Each structure stands twice: as C-alpha cells, then as structure tokens.
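Below are two complexes that have chain A in common, paired first with chain B and then with chain C.
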Partner chain A sequence: MNKENILEVKDLHVDIHMTEGLLTAVRGVNFEMKRGETLGLVGESGCGKSLTCKAILGINDRKCVPSGQILFDSEGLGKVDLLSLDQKGKEIRSIRGKEISMIFQEPMVAFSPMYTIGNQINEATKLHITKDKQKSKEISMDVMRKVGIANVEKRYNQYPHEFSGGMLQRALIAMALVCNPKMLIADEPTTALDVTIQAQILELMKELQKDFNMAILFITHDLGVVAKMCDRVAVMYLGKIVESAAASEIYANPQHPYTRGLIGSVHKIGSKKEDRLFSIEGTVPLAMNLPKACGFYDRCDVRIEGLCDKAEPELTEIAPGHKIACFNCPHEACRAQREKVEEALAKGALTQSPSEDPGPAKAVPKKKKGGAQ
Partner chain B sequence: MEESAYKSESMHENAPKKPPLEALVDFFKKDLVQYIVKRLLMFIPTLLLISILVFFVIQLPPGDYVSAHIAALASEGEIVDADYAASLRADYGLDLPVHEQYIKWIKDIIWTPTDSTYYRLYGSHHNWKYSFAYGRDVWDVVNDRLGLTILVTAIIMIFQYAVSLPIAVYASTHQYSVGDYISSIIGFLGAAIPNFILAIVLMYLSYKWTGNANVGLFSQEMLQNGVHLYNFGEFLKRMIIPIIVIGTSGTCGIIRSVRAQMLDEVARQYTLTARAKGVPERTIIMKYCFRAAINPTVSGLGGVLSSLFSGSTVTAMVLNMQIQGPVLFKALQAQDMYLAGAIVMVQAVLVVIGILFSDIALAFLDPRIRYSGGGR
Partner chain C sequence: MNKDNIMEVKGLHKRFTSKGVTVKAVTDVSFSVKPGETIGIVGESGCGKTTLGRCIVRAYNASEGEVFYRTKGGEELDFLKADKKKMKEIRKEIQMIFQDPYSSLDPRMTVLDIIKEPLKANFPKMPKDEMDQRAKAMAEKVGLNPMYLMRYPHAFSGGQRQRIGIARALVIEPQIIVCDEAVSALDVSIQAQVINLLRDLQRELKLTYLFISHDLSVVEHISDKVGVMYLGRMVEFAPAELMFEKPMHPYTEALLSAVPVADPTVQMERIPLKGEIPNPANPPSGCYFHERCHYCIEKCRTDAPALTEMPDGRLCACHRAKELNLKGFVYDEGAGAAQ
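Coming up: the complex of A and B.
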C-alpha cells in the first residue's frame, strides 16, 4: 500500500443475491485515495456507486456480498483490509463513524424520528470519543456550531421533524464529522436539496475538509457538483470504472464515449432554445448474465463491431493519471490493447474477456455469517 | 467530586427556581402534559356516547325482561293477565319511551341522591338498577367478578406481549431462518385452532398427566378460605390453561405485525445511518428499530383488550372461569338489560382506559404524536 494513500480499493466485486439469480452490481473496481483529496465517483443510477461506498463501510444489505480488497490506513488498527473484518465486529465498528464516516442522500430520512438530533449526534461522540456525558455533549454542540446550525442549545434538543431539509443535512454532516474522521464518504449529499441550499452545503463541506484534512469520496451523478468539489474523477458504468482522471482533465479532454456523453448532456447556460439537450441512447443493461462484451456497447456511437461485442476493454493509462477502458481510442496504450485482443480473437483463442471477469459464473464466497445486514 | 459540583452548578443555572404557579403553568405548557390532559377530557364525551350506544343496542331485541319472564311463566302453565305485565313494566320503568329510560338509567348511574330509597338500601350514589335474572343489585353482580376479570385479562395480556415481542424481534432479525418458520407455524396454529377446542385438549392432557383437569380458577380450598399469598401459586397454576388458550390466539397477530414492522424498520435509512456511525447491531435493533416497530402494536392495545373480553367468554364457559363473559352471556339470554348494559358499559370503560394508556404510551414513544396532538 502506497504511503500517501489512505484507501485502496482493489478488484472490488459486489454480488447481490436475488431470487432471480446473482446480480454482479460492482464488477472489479479499482481506485485509491490520497489523504485530503476529493475523489468524485460519477455515474448514472444503478451503476454501483452507492454499493461501492457501502462496501467500504461494510454496511451493505444482507443480500449484497462484497469481495476483493479494501485496504484502509487506520489509526487504531494500522493497515487493514476492511472486507476481511467481521462486519458486525468491534474492529469495523471502531472504524465506522470514527475514521470513516458517511453522509447520506436524503437527510430527511437519515435521522430516526424518535430521538432528538442532539441524541443522535451525541451517540457517535459517546461511542468513539468519551463516555463523559457533559464532555461529549459539548463536543457534539461544538460541531453543530461549526456546520452552521444557529441556536445550538435549543436545536440540540429538537426532533428531526422540527428541522428543515438543509438544516438536517447540516446536522447529518455534523454527525459524520463529530469524531474528526480521516475520510468522509458523501453519497449524493445534495441531491435531495434545492439548489441554493446545495451551494451552501457544498461550500460548507469544502471548508470543513480544509479544517479537518479529510479525504472525501464524493458520489454523485451531477457533473456540475463534481467540477466544484473534486480533485479527481472516476466515471463508473455498469459496475466498472470506465475512465478516471483529474477533474480538469475530464472536462477538457474526455476520452471514453460514455464520459463524453455525460458531459454533453449537461445543460449549458447560453445554449439556444432550439438546441435539444443531448442524451445517451438506450438504458443501462441489467448486470445479470452479462455477455463478454463492453458494457457500453449497445449505447456507444464509436463501437467497433466484432471487437467491442466480443471482448471487454481493460482500464489503461493513456496519460499520467488518466485511465480509460475503451478499444476505440487513438492513444498508444489503447491501441496496443486493441491489437492484442484482436489478434487473440482472430486466433479464436480468446474465450474469456481480457478483464478476467468470469462474470456471474464466478465462485461466490459463501455468505459470511457475520455479513452486515 | 469536582465534576459533580460542576454538574449541580450547571443544573442550577439551567433551572432557576420559579414561583409555584409559574412552574405549574410551565408544566401544562409541555407538549406531553397537554396531550394527556386533552386525552383525559376526551374521555367524558366518549363514555357518554358509548353509554347511549350500549343502551340502545341492548334495547334492540324485541321484547324485554317482562315479556321473557311472562313467557317463562306461561310455559309453566301459569296464566298471566295483561294488567300484571303492565304493572311490572310500570314498576321497572319499562313502559317509558326509550330515550326517557336512557336518561333515567344514566342519571341514576352517575348520581343517585342521598334521599333515594336506593341510597338507603345500598349506601351507594351509583344506582346500576336491578338484575332481573339474578334477583340482585346489578353492581353487586358485576362487582363479584370485576376484580378477577381485570386480573385474568391483565395476566393474559402481559403473557401475550411477553411471549410475542421477543419472538417477533428474533424472527425479524433472523428472517427466513428455521426459528422464524417455527415461530410462524406456532403462531398460526395458535390463531387457527378455536379456543374452546384447545381448552378441552389441554384439560384432557392436564387430567391425564397430573390427575387434575385444573378446571375453574379456584380450588375448593380457595373457595372456602379465599385467595391468599400462600395459595396464590395454586391460583397461577390454574391460570396456565386459560393463559395458553386465550393468550396464544392473540400472539400470532402481534408476532406477525411486529415482525413485519421490524423488517420495515431494519431497511430504513436511519438504521443504515446508525450502522455507519458504528453503533452496535444490538443497540440498532433495540433503540431504533424496536421502538419504532412496536408503535402500531401499542396503539392496538385497546383493541386487544376488547378482543380479550369477548374472546375469553367461550373459553371461560368451557373452563368454568368465574369472570364476566359468561355472566354477560346469561344476561343477554334472559334479556336482563340492566345487567347486560352494566357489563358492556364496564368493559367499554376498561377498553377506553386501555386506549388512553396506549395513546399516552405512544406519545412517550413517538415525539411526533405529542406535537400533532399537543394543541399548539
């Protein structure tokens, strides 16, 4: 594990056991995060973004079984593979909320309606920092002040239904930050908020990131938010990362046809009324019994028949820090990959996709007893 | 030591002493208190409405006690003339229009003046009238079995919840496990088997194994000396069959509904939030899921109470239990309207009290209820 990195995700798969069969929602995701940086994970609904970040915390649904490696540089435990820990055990609980915490999409339902906001924020403090009631209350109130909640003494004892959506998101952020985590996972934190509040919350998160020196894994499908927040961006499609690069690079020089489509479909100020908004044709296929082909094949406008529907491209570095998984790309590394695959296809030797994804037939590790529900 | 001094100081700061009146006003400003007071006030019109309903329903069957009585006499060969019947009706006020009968009835129940004959005879301000069938004061008949009815119902209710809630929590946290299926099967069996059949089977088994069918709530010895602490164990032993018979029929419903609720709650976003905070699984289940999941069960408490009253009647007859159900049955057969009215009324009051308790418990459980009902 690289010393700079706080998190390394290696070949992460998440299988969902459904009555209809096995759905592999995340199919071999690799990325790493440096201390204090913001990585944006972008993709449309159902591409596996949320499952990826839930797998990091081990809070997946019982039916979802992650496999692979998630290495985390923990203060308490040193370098650990989070997936190897008992998902209900003490160790992972000492990381959850303390070293890695998470902000959720809908603040309105993220709090239990039964307990006061203060109670729920303070719960994390009491679990991870101090058992002293007075002290932990003060710490919790401090964080509430920091995220911009006014009149904390009163707000502390109020219930979620007495908060507005924006205030609840602030409270949720306070709850995530109360133990001063080194890493924050933000799962579409502004999707449920209106635009003015959204800007405030993003600003707040940036400020707090500086104060706390946190790494943020920012999950979103909003490219505008990514441009504002992220240092690096990874674009996910159908359970795989198809392109990753520095945020500025992604906007200036998108290489994967899916990324280009995504950026093209953002509404631009100043565009004419008659211009139709660009949209990517078709829908995401269901990640069940996938053929050995590029997942984007059906919707791609630069697909190569006989190649893209026969093999799956691997993530290849085309420039420092810029990786892309596509056969139809003029860069040298991609061409080399394409030639290799074409050669293999011509020989008929290739029965497996080069990404070594055996697909649904893969032997799934038996459901661990301690798997999180 | 330092810390406690600091604490008491800060507490003093937070709550400076107020004059008693102001403190009282503050007390009534609390949402929960307002809610409870409001519910208590609702109690009175509810009971009045129930009494009207009860009285008219009891009046609905054609004929009255006098006609039933005369029919009985006639069947024995006695000839009764119309004048006698009319004089009987006049004596009991049965010849008045229904609404006047009702007003007289409810007025006497609420307050019988000190100079009335009734007060001189019984020393009570609440005249529940005369039971024709038993030939006694209605309240005496009701009172005989009231305490026992409440005790039995309470024990059965506690049993129901004590059994079904842990099973429901287990079943929901171990969904589709063997234990889940077993609890479902037992629950369904309990709900599906008619109470009286189960009662007879259990009595038979009890007789076969212990030589004692354990019929009735009291042994001979208890009937002579009364129930005391030393023979309370025997009483509880005799409660086992009624508890199982009446209790199991309700547990199924509670298990199913709490289990379903729990499964709902476990899938909620805030459960995930709590887990992401590092809260132990046990705490998540008890603090977040269970408290929310028993909400509908608590609100159904009043309903459970009334179904226990009616559901226990047949069983009580089979098991010869000295509770109110069989008395009500007899009163209805004999068209003994004052007795039937009194029993239904008493049970209604108990149910309303049960609902009141459940509402207050709900308000404790769920802060949102306090606010919507708090009258702000």
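Coming up: the complex of A and C.
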C-alpha cells in the first residue's frame, strides 16, 4: 500500500443473491484515495456507487456479498483489509464511525424520530471517545457549533422533526465528524436539499475538510456538485469505473463515450443555448447474466462491432492520473490493449484470453451458474 | 384578455386553513402565457410552485383571482368560474405530467389502458377501435414500442414510465401541459432524452408548457420565460436568458449564485442568504424577503412591493430593482455545451 494513500480498493466485487439469480452489482472496482483529497464517484442510479461505499464500511445488506480487497490505513490497527475483518467484530467497530464515517442522503430518514438530536450525536462520542457524560455532551455541542447550528443549548435537546432539512443535514454532518474521522463517505449528501441550502452545506463540508484534514469520498450523480467539490473524479457505469481523472481534466477532456454523454446531457448555465441536449440512447442494462462485452456497448456511439461486444476493455492509463476503459480511444496505451485483445480474439481464445482482466473473467461463469434464464 | 395570449393569470391567491391557522401558499400571482411558449417556474421547496400549477389545472380551487383561458375554438373564459360543463371542455385542453413516474401510474392497469383512460373519460362516445388506434399512435410518438402496451407499469423503467405519463397527457390533444417536476426523478442521461422528447413534441403539436422545477439548469434550457417564486409570491418574471444574465430581484441573484455549474473553471461567488425561509403561516411584514435581503432599506420592512413592469419589459417585485446592479451568469458566446 502506498504511503500517501489512506484507502485502496482493489478488485472489489459485490454480488447480490436474488431469487432470479446472481446480480453482480459491482464488477471489479479499483481506486485509491490520498489523505485530505476529495474523490467524486459519479454515475447513474444502479451503477453500484452506493454499494461500493457501503462495502467499505461493511454495512451492506446481508444479501450483498462483497469480495476483493479494501485496504485502509487505520490509526489503531495499522494497515488492514476491511473486508477480511469480521463485519460484526470489535476491529471494524473501532473504525466504523471513528476513523471512517458516513453522511447519508436523506437527513430526515437518517435520524431516529424517537431520540433527541443531542442524544444521537452523543452516541458516537460515548462509544469512541469518553464514557464521561458531561464531557461527551460538551464535545458533541462543540461539533454542533462548528457545523453552524445556532443556539446549541436549545437545539441539543430538540427532536429531528423540529429541525429543517438543511439544519438536519448539518446535524448529520456533526454526527459524522464528532470523532474526528480521517475519512468521510458522503452518499449524495445534498440531493434532497434546495440549491441555496445545498451551496451552504457544500461550503461547510469544504471548510471542515480543511480543519479536520479529512479525505472525502463524495458520491453523487450531480455533475455540478462534482465540479464544485472534487479534486478527482471516477465515473462508474454498470458496476465498473470507466474513467477516472482530475476533475478539471474530466470536464475539459472527457475520453470515455459515457463520460462525454453524461457531461453533454447536462445543460450548462451560461453556455449558449443549444437546441437539443446530447442524450445517450437506451437505458442501463440489468447487471444480471451480462455477456462478456463492454457494459456500455448497446448505448455507445463509437462502438466497434466484433470487438467491443466480444471483450471487455480494462482501465488503462492514457495520461498521468487519467485512466479510461475503452477500446476505441486513439491513445497509444488503449491501442496497444486493443491490438492485444484483437489478436487474442482472432486466435479464438474468446473465453480465456490471457490479456483479460481476471476479475470479470472469474465473474462470468459465476453468473452463468446462478442465472435463472 | 390580450389577443396574443392563450392564458392570463391575474391576482391568483390560494390559502389553506387548518386548525385555525391560515397558510398563504400562493399570494397575488399574475402572469400571461403566449401559445407555444414554455414558462418555467422555479423556487425552493415550499415556495408554492406546485400549488400554483395545481390551481391552474384547477386541481385546487383558488381562493381568489382569475385565470383566463382561450379555448381552441377561440372562446375566452374565466377558468376558475366555469361551471361543470364548461370545466369538462377545458379539461380536455389542459393536462398535467406528474413528478413521480412510479406513483402516478396505476399498477393494476395495462399501459394501453392508462393511455386510453383520458379518451374514455372525455370522449365516451368514441368507438373502441379509434381509441386503441389513437393510444397506440401516441405511444409510438413518445418512443414506446407498441408491442409492449399490454404490459403493466412495473415492467418499465423510470424514463419509459415518464414517457407513458407524457403519452397519457397528450392523447386527447391538449393545448397546455403543466409539467410538475416532470424530469426531476430521472437520471441525467434519461433526463436529457425526456427533455428532448418534450421539446420535439412541443414543435410538432404546438404545445404550451408550464414547466415547474427546482432545477435551474433544466429550466434555463427549456424555458422561454421564467418566473421565480419566493414564499408564495412571484418575485420576478422575465425571458430566460435575460433573467439568468441579469437578474433584477435580490432573491433571484442569490438563487443563481447557489447553482452548481458543471464546469470546474466556472467559480461563482456565492451570495449567502441570512437565516432560513420564514414560516408561510406567519410571513414577515412588508417585502417577504426583506429579513434575508442584503439590499434591504427601511421601505422594504413596511411596504410590500408589487410585481411591476421594468423598462426592459420584465416583471419584478422589488423597491430597489431599478437602482441595483445585480450579478448573473456570464454568457460565453463561443462555447456550447461540453462535448
């Protein structure tokens, strides 16, 4: 594990066992996060971004089985593979909520309506920092002040229904930050909020990130929010990362056809009015019984027949920090990959081509076994 | 009523009373709509934009005010005072598309039945064959495969369901469509498909849209004119580009500055708003926005500004609109959307 990195996700798969068969929602995701940086995980619903971050914390539903490696540089335990830990054991509990914490999408749902806000923030303090009631209350109140909640003494004893959406999201952030985590996972933290409140919360998160020196894994489908918040962006499609690069690079120079489509389908305020938005045809396929092909094949406008529908491209670095998974890219590294695969295809080594990523190759027979159809 | 307009809303009020508390959801809203236009209505949650849309289709009965409407036959009438028989006539011409494509379709009806239902209700004497034919033709027009019309809604994805909702609204050939957050629940790539579809249908069928949304970039793309609402009042009503480039109301300015733009090179300076949206049951005195406004003067605390016409033809409800020089988006002539 690289010293600079706080988290490394290697070949992560998440399988969901359903009555209809096995659905591989995450199909070999690789990424790493440096200390203090913000990584945006972007994609449409169903692309596996939420499952990826839940796998990090080990809070997936029992039906979702993760495999692969998630290396985390923990203060207490040193370098650990989070997936190898017992998901109900002591070790993961000392990391969950203390070193890695999470902000959820809907603040209204994330809080229990039965307990006061203070009580719920206090829960983490009491568990991880101090058993002393008075002290933990002070710590909790302090964090509430930091996230911009006014009149903390009164607010501490109020219930969630007495808070507005924006205030509740602040309280949720306070709850996540109370143990001074090194890494924060934010799963669509502002999707349920109005634009003016959203702007406040985003600014708050940026400020707190500096104060706490946190790494933030920011999950969203809103490309505007990504542009505002993130240092690096990883675009996910159908359980895989198809492109990752610095935020400025991905907007200025998107390479993967899906990224291009995604950016093109959002109207940019302030740009000249275009008559029609660029739109990607079709819909995201269900990640069940997938053929061994590029997941984007059906919707792609630059697909190569006989290649993209027969093999799956790997994530290849085309410039420092800029990786894409596409055969039809003029860059050298991609061309090399393409030639290699074409050669393998010509030899008829369709199913066990050595140049292929071992991840999906493993996953395909699994799926066939579990597939109902 | 002006000859050019298809609809004129004048002094519309809607109050809800519950347990002795009256909430003014919509207060004194006036605007006019020309045929073939798209009017965008924006504002934060709770500002009354949905209530306004519902008053216009008369799903709610407005408390006060007038909505003049010109029918296809050229007849002018006050929609809110029309009797039952007239109402039925008008309902054929104003339809609505709802936000949530999951809950707005009856799960126990086939898609064909869903699309046919408005025909059954409004043209009970139409022969069955014709109904089927019309529904199928409309389904094809919105991009649904006619083969799948005997299926139930659960078999369709969100984007396709929204297409079913659109087909249902259009099958009786209305003039005006009220789209209440019609694309908000969809993913971006699907959103773009549906927006393009709405635009194509508008050209083909000469539709007028009232597009209610909280997403300012969608509204800017689709609308000819935009109305901004705050706490039940319309604070500004202007042609889209004019408003986004040079807002005149301080609330519009703050709202625009908060929009995240999908381009990291664009860094807008955000104008922070003080406090939170006041309780609509107990709105502030004078201008509803004065407590949060940076340009507030003594007059704003006592006098509520009316929506008045500005020199450039737009409507704005602010005492200081003419003297303030507010910031909007800088329109970049050369660059189109990122491709």
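Basically, the second predicted complex is superposed on the first by the 346 of 373 C-alpha atoms of A that agree within 3 Å, B and C clash if a C-alpha of one lies under 4 Å from a C-alpha of the other, contacts with A are read in each partner's own complex, and residues count from 1 in each chain.
Heads up, the rule we're going with is that a residue touches a chain if its C-beta (ideal position, glycine included) is under 8 Å from a C-beta of that chain, and two chains touch if they have at least 3 such contacts.
Computed from a prediction, not measured in an experiment: that's the story for all the values here.
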Following the superposition defined at the top, how do chain B and chain C come out on chain A, clash or fit? fit
Could you say whether A:Gly261 touches chain B, chain C, both of them, or neither, answering first, second, both or neither? second
Answer with first, second, both or neither: which of chain B and chain C does A:Met102 touch in the superposed model? first
Contacts of A:Asp222 with chain B and chain C, given as first, second, both or neither: second
Contact-wise, after the overlay, does A:Asp11 reach chain B, chain C, both or neither (first, second, both, neither)? neither
Report the partner of chain A that touches more of its residues: chain B or chain C. C
Which holds for A:Asp211: it touches chain B only (first), chain C only (second), both, or neither? neither
Which partner chains sit in contact with A:Met175 here, chain B, chain C, both or neither? Use first/second/both/neither. first
Where does A:Leu57 make contact in the superposed view: on chain B (first), on chain C (second), on both, or on neither? first
In whole Å, how close do chain B and chain C get at the C-alpha level once superposed? 11
Under the stated contact criterion, what part of chain C meets chain A in this complex? 44-45, 157, 159-160, 187-193, 195-196, 199, 214, 216-218, 220-221, 241, 244, 254-266, 270, 272-273, 276, 329-339
Chain A contacts chain B in the complex at 54, 57, 59, 61, 88, 93-98, 101-102, 104, 106, 109-116, 120, 123-124, 127-128, 134, 159, 161, 172, 175, 372-373
Can you name the residues of chain B that touch chain A in the complex? 3, 6-7, 10, 266-270, 272-281, 287-288, 291-292, 365-368, 371
Quick one: in the complex, what on chain A touches chain C? 44-45, 164-167, 194-200, 202-203, 221-228, 247-248, 251-252, 254, 260-281, 283-284
